[in-house]
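Chains: A, B, C and D, in written order; residue numbering restarts at 1 for each.
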Amino acid sequence: MTKGIKIVTIGGGSSYTPELVEGFIKRYDELPIRELWLVDIPEGQEKLNIVGALAKRMVEKAGLPIEVHLTLDRRAALKDADFVTTQFRVGLLDARAKDERIPLKYGVIGQETNGPGGLFKGLRTIPVILEICKDIEELCPDAWLINFTNPAGMVTEAVLRYSNIRKVVGLCNVPIGMRMGIAKALDVDASRVQVDFAGLNHMVYGLNVYLDGVSVLPQVVEAMADPSNAMTMKNISGLSWEPDFLRGLGVIPCGYHRYYYKTSEMLAEELEAAETKGTRAEVVKQVEKELFELYKDPNLAIKPPQLEKRGGAYYSDAACNLINSIYNDKRDIQPVNTRNNGAIASIEDDSAVEVNCVITKEGPKPIAVGDLPVAVRGLVQQIKSFERVAAEAAVTGDYNKALLAMTINPLVPTDKIAKEILDEMLEAHKEYLPQFFQPVEA
Amino acid sequence: MTKGIKIVTIGGGSSYTPELVEGFIKRYDELPIRELWLVDIPEGQEKLNIVGALAKRMVEKAGLPIEVHLTLDRRAALKDADFVTTQFRVGLLDARAKDERIPLKYGVIGQETNGPGGLFKGLRTIPVILEICKDIEELCPDAWLINFTNPAGMVTEAVLRYSNIRKVVGLCNVPIGMRMGIAKALDVDASRVQVDFAGLNHMVYGLNVYLDGVSVLPQVVEAMADPSNAMTMKNISGLSWEPDFLRGLGVIPCGYHRYYYKTSEMLAEELEAAETKGTRAEVVKQVEKELFELYKDPNLAIKPPQLEKRGGAYYSDAACNLINSIYNDKRDIQPVNTRNNGAIASIEDDSAVEVNCVITKEGPKPIAVGDLPVAVRGLVQQIKSFERVAAEAAVTGDYNKALLAMTINPLVPTDKIAKEILDEMLEAHKEYLPQFFQPVEA
Amino acid sequence: MTKGIKIVTIGGGSSYTPELVEGFIKRYDELPIRELWLVDIPEGQEKLNIVGALAKRMVEKAGLPIEVHLTLDRRAALKDADFVTTQFRVGLLDARAKDERIPLKYGVIGQETNGPGGLFKGLRTIPVILEICKDIEELCPDAWLINFTNPAGMVTEAVLRYSNIRKVVGLCNVPIGMRMGIAKALDVDASRVQVDFAGLNHMVYGLNVYLDGVSVLPQVVEAMADPSNAMTMKNISGLSWEPDFLRGLGVIPCGYHRYYYKTSEMLAEELEAAETKGTRAEVVKQVEKELFELYKDPNLAIKPPQLEKRGGAYYSDAACNLINSIYNDKRDIQPVNTRNNGAIASIEDDSAVEVNCVITKEGPKPIAVGDLPVAVRGLVQQIKSFERVAAEAAVTGDYNKALLAMTINPLVPTDKIAKEILDEMLEAHKEYLPQFFQPVEA
Amino acid sequence: MTKGIKIVTIGGGSSYTPELVEGFIKRYDELPIRELWLVDIPEGQEKLNIVGALAKRMVEKAGLPIEVHLTLDRRAALKDADFVTTQFRVGLLDARAKDERIPLKYGVIGQETNGPGGLFKGLRTIPVILEICKDIEELCPDAWLINFTNPAGMVTEAVLRYSNIRKVVGLCNVPIGMRMGIAKALDVDASRVQVDFAGLNHMVYGLNVYLDGVSVLPQVVEAMADPSNAMTMKNISGLSWEPDFLRGLGVIPCGYHRYYYKTSEMLAEELEAAETKGTRAEVVKQVEKELFELYKDPNLAIKPPQLEKRGGAYYSDAACNLINSIYNDKRDIQPVNTRNNGAIASIEDDSAVEVNCVITKEGPKPIAVGDLPVAVRGLVQQIKSFERVAAEAAVTGDYNKALLAMTINPLVPTDKIAKEILDEMLEAHKEYLPQFFQPVEA
C-alpha cells in the first residue's frame, strides 16, 4: 500500500457506485485511494460505462488524483488489490423479480435475503463469490474482501466454510439504520447513542441501547411500541409492532424481523404490491432506469440526491467507515458479519454472525455477548440452519439439500409447497445454476 | 420400599388408568406394588369411582395383593410414596377442545403440546404441578415424579427450573411408537431395532437406526419416503412426506413434526375435522364416554380392547418399563425427558430434553449425542425457546411473556394474531389461570 | 461373523495373553470365537511360541473349537478380523525401564502413561498404531480396535485425530479396580456398587458412588480418608491421602492421581525403588521371566495363578466384557476411552475421554456428566493438553512440540530440565523414533 | 457527575498513591476530578497523612481545583463516589513477607498472587472487598470498582460470584509491560504494537502480536528466545526461556509464567534471595521506608523518581487510562479482568478472565478470542480452578476447601506439604482470617 490504496469493486456498474465514490472522496484525506477499479460483466458494459464516466467526473470535480479504471477483466483488476468490494447481482434485477414473484404464487413471501428468494440468490451468488475468492488467493492474497452482495450472511458463511479466504467482512446498512432510527425516536444526536448489536444478517437485534453510556433500553422499547414512532427503512414495510410483544421481547428487533414476527401482514402487503406497483425488484428497476438517465448527464459530477430513493441509506457510510477503520487501524466499534469465534454462545465458532466488532488493521474482532435472550435464540438458530444448508446446496448442487433449505425456512409452511417453489425457481434460474443441471465432477 | 412399592397416580380417574393397571399386573413379579393410590379432584369423583372399581376388579381377578385406594386427598395419598405419576388434565377435555378450536378461528393450528394450545395447557398445568412438587418435597422426598401430563417437555422444563424436585422424568409414547413403526416398515421384530433418539418432547428425531447393531438409516429414510409406508400414530395425521425432503433431512422425524414441516396440510385437515367429526378433544370425549360406559360393567375385569382407539398405544409399556427399570436398576436404554446435562450440545445443560437415557436406580442418565444435525438445530431451539418463555409466563403470570411465547411459536404467523388468540384464550380459560387475573404477591 | 468370531491380538506374545485366553474360554457360550490370531514381531518370536503353545493347551483342555494361530505376518492375520486387540510394547520392557530411569536422574518421576515416560511411550507407539489403523481400514474395515497399549488415553486421542478408524476403544483396568476397592471398603458385594466414572485415562474420577442405587459418596470419601483402608493397586504405591484434602475434593480419585497430588512422596518412593528393588519395569521384567518359565511347562494348561502378581487384575475381565457387550449388544455400562461427544463439558467433543458408556453393538455411547467439579477441571485439562501436544509431536516428529509436551506435563518442573530429559530420552530411544531423526516428507 | 468526578481510593496511604495522583493531574483536561478521597485504616493513619500531604502539594503545584480528602471513615468517603479504586493490603507487607517465607520453609514458592501466598492474600482480602461491595451497593451504586489489590484475578472472581456488584474491573500492569517489552525487543515505538491478550491475571498470554497491523508473532517469539533480549519486569526474575520451548508454545507468555514453566529455577532464586537480600516483601518494605522518608519532604511536590524502583511501572497509566476511557467513552482496547461472557471458550461465562476489552462508558466489553491454544488451556484452567476454590474457601471459611485450593495449586507438590503450609499460614495470619476461627452463622 506504499503509494496509496487500490480498491476493486466487482459489480462496479451498479447504481450504488456513486454512493461509494462520494464516500471515498469525502474521506480522501484519511483514505488516499490511488486506483479504483470498477469491474463488471459483458451484460453490464453499458451501465459500467455510464456509472464509470460519472465516477470519473466526480473525482475530477473533487480535484483528487484517484485513477478510475473500468474493465470486464476481473483478474487484471484484482492484481495487488488492497480492498475488493463485491456488489454484483447474478441475473440482475430480473432474477430478483423472479425471486419475489414465484413464491408469491404459492402464498409465500419471496424475501430476497433470508427467505426463498434469498435461497436462490445464494444459489446463484455463492459459486461466483467462491471463484472470486480463488482469484483473490492467487492475485491479491493480502486484500480484504468486503461483501455487500446479499444474502450477505449466507455469502459470508459460504466464504468462511468453503474458501481459504479469511480476510472477509460482510456488510449491511441495517444496524446503522437502526441506530439512526433509535436516535431519532429518542430525539437525540446519533453520536450519543450506542447499540449492542448481535445476531445474523437481517436477523440482528439491539440487545441494549445506551444514551451517553447509560442504558435506555426500556425507553427505546416503549418508543418502538408507539405505532406513530416505529422505526423503519425505505425497503421494508412500516407495519407497527404489537406493543406488548415488544415489551415481552425486551430487545430491539430489526426491520427484517417483520417477515418472521408479522408474516401474515407482510405477505398481504407483498401480494398487494405485486398486483399494483410491482414487487420491490420491479420498483427498483424503474428507479434504476431513472437513475441511469440522470447518470448519463455529462454535467452531473456529484451523487444525485434521487439515489436516496434507492434504499441504500448509510450504505456508503457503512462501507467507507469499515475500509477506513481497517486501513487506519481506527479500532472503533462497527456491527459487521464476521466469524463468530465464541461471541454468541449458541452459534458455532466457525459460523458467520452479525455482531459489534472492533475494527482494526488486523480486521474485525467480535465483542463477546454471552448468549442471546432465550426468546430469540430459536429464530436466530433457525436462520443459521437455513444459511448453512443453503450454502451447502449452493456448493454441491444437491437437490435434496436445496429442498431441505427451502422447507426449513420459517417463511415456507410445508415441504410440498417448498418442492413446488423450488422446482419452479430452479427452472426459472436455470442459466445461473449450472451446479444443479450439470454433472458435478467428483 | 421394604414392604413393596407405593404408587400414587394423580389424575387417577383418567380413562388411561386401566392401561397402567394392566401394565402393573403384568410386571408384578418384578415390580411388587403394595399400594396404588388413585387421586382425583372433586369434579372427577364419578370417573374416579368407575375407573377405581375396574382397577380393583382387575387386581382381584389377577389374584394379586395390590391395595387400590381411591381418594380426593392428594396429600394423604402422597405420604411416603415411591413413585408419583401425573396424568391429570386441568379443565378436562372441554379445556382441550377450546385449546384446539380457538386458534382455528384465526387460521392457526391449536396443537395441544407445542402449539398455542400447548401454551395454554402449560399455563393451566404448570402451577398445579409445582404445587404437587412442593407436596412431594414435604411428604415423599425420595419419590420419583413420572409425568405423563402434556405438554410433557414444557412441564419437565418447569419442574427443573422452578421446583426443588430433581427426581423427575417426563414420559411420552412417541419414541416407542417410532421404533415400532420403523420395525414394521423394515418388517423385522422390534427387538432387533435400536434408534438413537434426541430432541425435545414431540420434537424428537431418530438420529440413527440400527438393525442388529448395523446402521440402516438410509433404508429407513427410503422406507419413510415411500408414501404407502409412512409410519404414523392414531392421533396424528398420516400425511406423507416429500421423499426428497426426507432424503435431504437424513434423519427420522416424529409424527408431530408434520405440524412444522407440513403446516398448511395439517391446518387444512384440522379445519375440516373441526367442521365434520370434531376436533381431537371432541372425538376423544366421545371415545371416553363410551369407554366409561364399558368400565362401568361390573363383569369387566380386564382392560377393554376398545381403549386402544384412545391413542395411547405403548403408553402403559413406556410408563411401566420406566418404573420397572428405576426400581430394579435395569440399566436399559429408554428415551425420556430429563435434564440435558450436555447430552445435546446446543441446548443448555439445565434444560429438559428428550433423549436416550440409561435408566438406573439413580434415575435416567442421558447419552451424549454431540450436536443435532445442523438442519434441525433451528427448529428444536425454537421449540425450546417457546417452552422456556411459556414456563416463565406460567409461573409469573406475565402477560407480555405469554404474548411473547405465543408469537415465537412457529405455528403462529404474526404478533397481531398471537394477541387476538391469547386474549380470547385467556378469557376462555380464566378460571384455571388465576396467575393472570389475580395480583401476584411479591 | 457368520461362523464365529475372529480375534487378532497384536503383541500376542505378551505375558498377559493367558489372561485373555482364560477370559475367552470362560465366555465361550456367549462369545463363540472361531479364530484367535496372536501376532508379534520377529524379536518376540520366542515369547510368542511359548505363550501360543500355552494358549493352545488351554483351549484344548477346555475342549473348545477355537483355532489359535501364531504369526509374524500382521496383514495376513488382520484379514476379515472382527476384533483387533493391541497390547504390544515398542522396545519391550527395556524401553520402559529407560522411560522410568532417565527422568529420575533429573529428579522427575518417569510415569509410563501421563508423565515423561508416557510421552516417550506415546512417541514410540503412536506411529505403529496408526500403521495398524491403515491396515485395518484396508483389511478389516468393520473390525473394532480394542487398544490396551499404554498410554491408552493418548493412543485413543491419536487414533481419533490422525486415523480414519472410528471403531476404536481404549481400555484400562483402573476403573474396575476402583469399583472393586470401593466395594471392599464398604464391605459389600461389588455387584451392588455403581460408580459414575469420568475423566481421562489414568486421570479418572468417581464422581458419585451408589450402593443399591443410593448415593454413598460421603461414606466412601470417609472410608478412603481412613489410612488403614486406602484402596490401591498392585502397581501403584499405597500412600494414603490427607483426609481433609479428600473431603475438600469430594469425589474419588484414582490410584494414578497420587502422581499429581502426592508428587514428592511418589518421587521419593520411586527413587528408593530404583536404588533397591529396581524400577517397575525392572521388577516386571523379572516377574515376566519367571512367568515365561512357567508358561513353558508342557503340563500347564491353565492361566498360572502367579500371573496375578503382574498387576493386570481385572484386565481380562475388562477386555472380555467389552468385546462380549459389543458382540452381544449387551447395553451395559462400562467405563472406557472413547470420543467425548459432549459427555464432559470442558473437553472438546472430538477428544478421547474415559467415561461411563453404554456398550452396544454400535459401540460405546458415552453418558453425559455435564461438567467435572471445578477443582479437578484444571488437572484434567492439563493432561488433555499434554496428550494432544504429545500426539501431535508423535505424528509430526516436531522437536519443539515434543519439548512443549514435556514442559507442560505437570510432573516436569521446568523447561530447562524438560529439554535435558527430552534430549537424553530421544537419544536413548533413537531406534524407535524415526520421525525425529529422519527427514519427514512434505 | 455534573460537577466533576469523585474518586475514592481505599488503601489511600499506599506508596503507589503519588503515581495515581500524577496520572490524574496529567489527564485533568479530560478527567476533571473534583474530589479525591484517600481512605485508610487506623494502622495506616501515619502513612495516609504523609502521602495525603504529598498529594495535596502535588495538586496545588499543578494549580488544579482537586479537593484531596484524607479519612478513616470509608462509608463517609464512598457516598456518591464515581470511581472506587482499591489498593489496600490486609496485614500490610508483614503479611506478604509471611506469604513468601512460610512456603519457602517447605521448599515451595510463595508467589503472592497465583501461589500459596496468593491463596492467603485472597483469604485475607476477599472478605474485606465483599464488605466494600456492600457499602458500594448502598452508598454509590453507580460507581465503578477498579480493583488493583492482588490477587486481582481471584478478587474479581469473588466479586463476580459473591457480591451484587457488576461494575467491577480488575487491573494489572503486566499486559502493558509485555507490550512495552515487545516494542523494545522489536525496537519500535510501542504505539505501533498491538497484542491480543487473553488468559487470567498473571497468567495472560499474547496470542498474537501486530506491528502496524501485520502479525509479527514469529519474530517476537524469536526475539524472546534470544536470552540477551528476554523481556522482564522489575519484580520478576529475568530467567531466560528455553528457545525451543517458546517456539513450540508459539504464543507469548507473561513474566509470571516463569513460576510454572521454570519452577525449579524460580524456587532456587527465591531461596537464595530469602537468605541474602530478603524476600520481595522485605525488599519492598525497605524501599517503601525510603519512599516515605522522601514523601515527608515538605518541598517535594511531584512523584519522586525513586518510586519507579517499587515495581509498579505503567501502573498509573493502566489505572488512569481505564478510568479515562470509561468516563469519556473512549472505546479503546485495554486488557483488563472482567466477566468472560464467552470471550475465552473453555472458561465459564461467569468467571473472571484477563482479556482485551473495548472500554466504554458501559464498562469493558471483552473481545472474543475463540479458544486458547491447546497447550496452554490446561495451565489456565488449573489456575482458574485454584482461584474458584480459593474464593469459595475465603467466603465460607471451609478448611477442607482451603486445603483443596492449596493442594491443586500447581506450585504445591503434595497434599501433605499443602496441609503443613496451610496450617502454619492459618496460624500466622490468624488475626486476619476470622472466617476460619469463628463459627460462621448459618
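We adopt the following convention: a residue touches a chain if its C-beta (ideal position, glycine included) is under 8 Å from a C-beta of that chain, and two chains touch if they have at least 3 such contacts.
Given the structure is predicted, the values throughout are model-derived calculations rather than measurements.
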**Request:** Spell out the chains that contact chain A while also contacting chain D.
**Result:** none
**Request:** Please identify which chain has its centre, taken as the mean of its CA atoms, farthest from the centre of chain C.
**Result:** A
**Asked** Per the centroid of Cα atoms for each chain, what is the distance between chain C and chain D, given in Å?
**Response** 44
**Asked** Between chain B and chain D, what's the gap in Å when you average each chain's C-alpha atoms?
**Response** 55
**Asked** By residue number and range, which residues of chain B touch two or more other chains?
**Response** none
**Touching pairs - complete list by chain label** = A-B, A-D, B-C, C-D
**Item:** chain D to chain A touching residues, read off their complex
**Value:** 194, 208, 210, 212-215, 329, 331-333, 340-345, 349, 356, 358, 360-362, 365-371
**Item:** Contacting residues of chain D [partner chain C, same complex]
**Value:** 241-242, 244-245, 247-249, 261-265, 346, 374-379, 381-386, 388-389, 398-405, 407-408, 410, 413-419
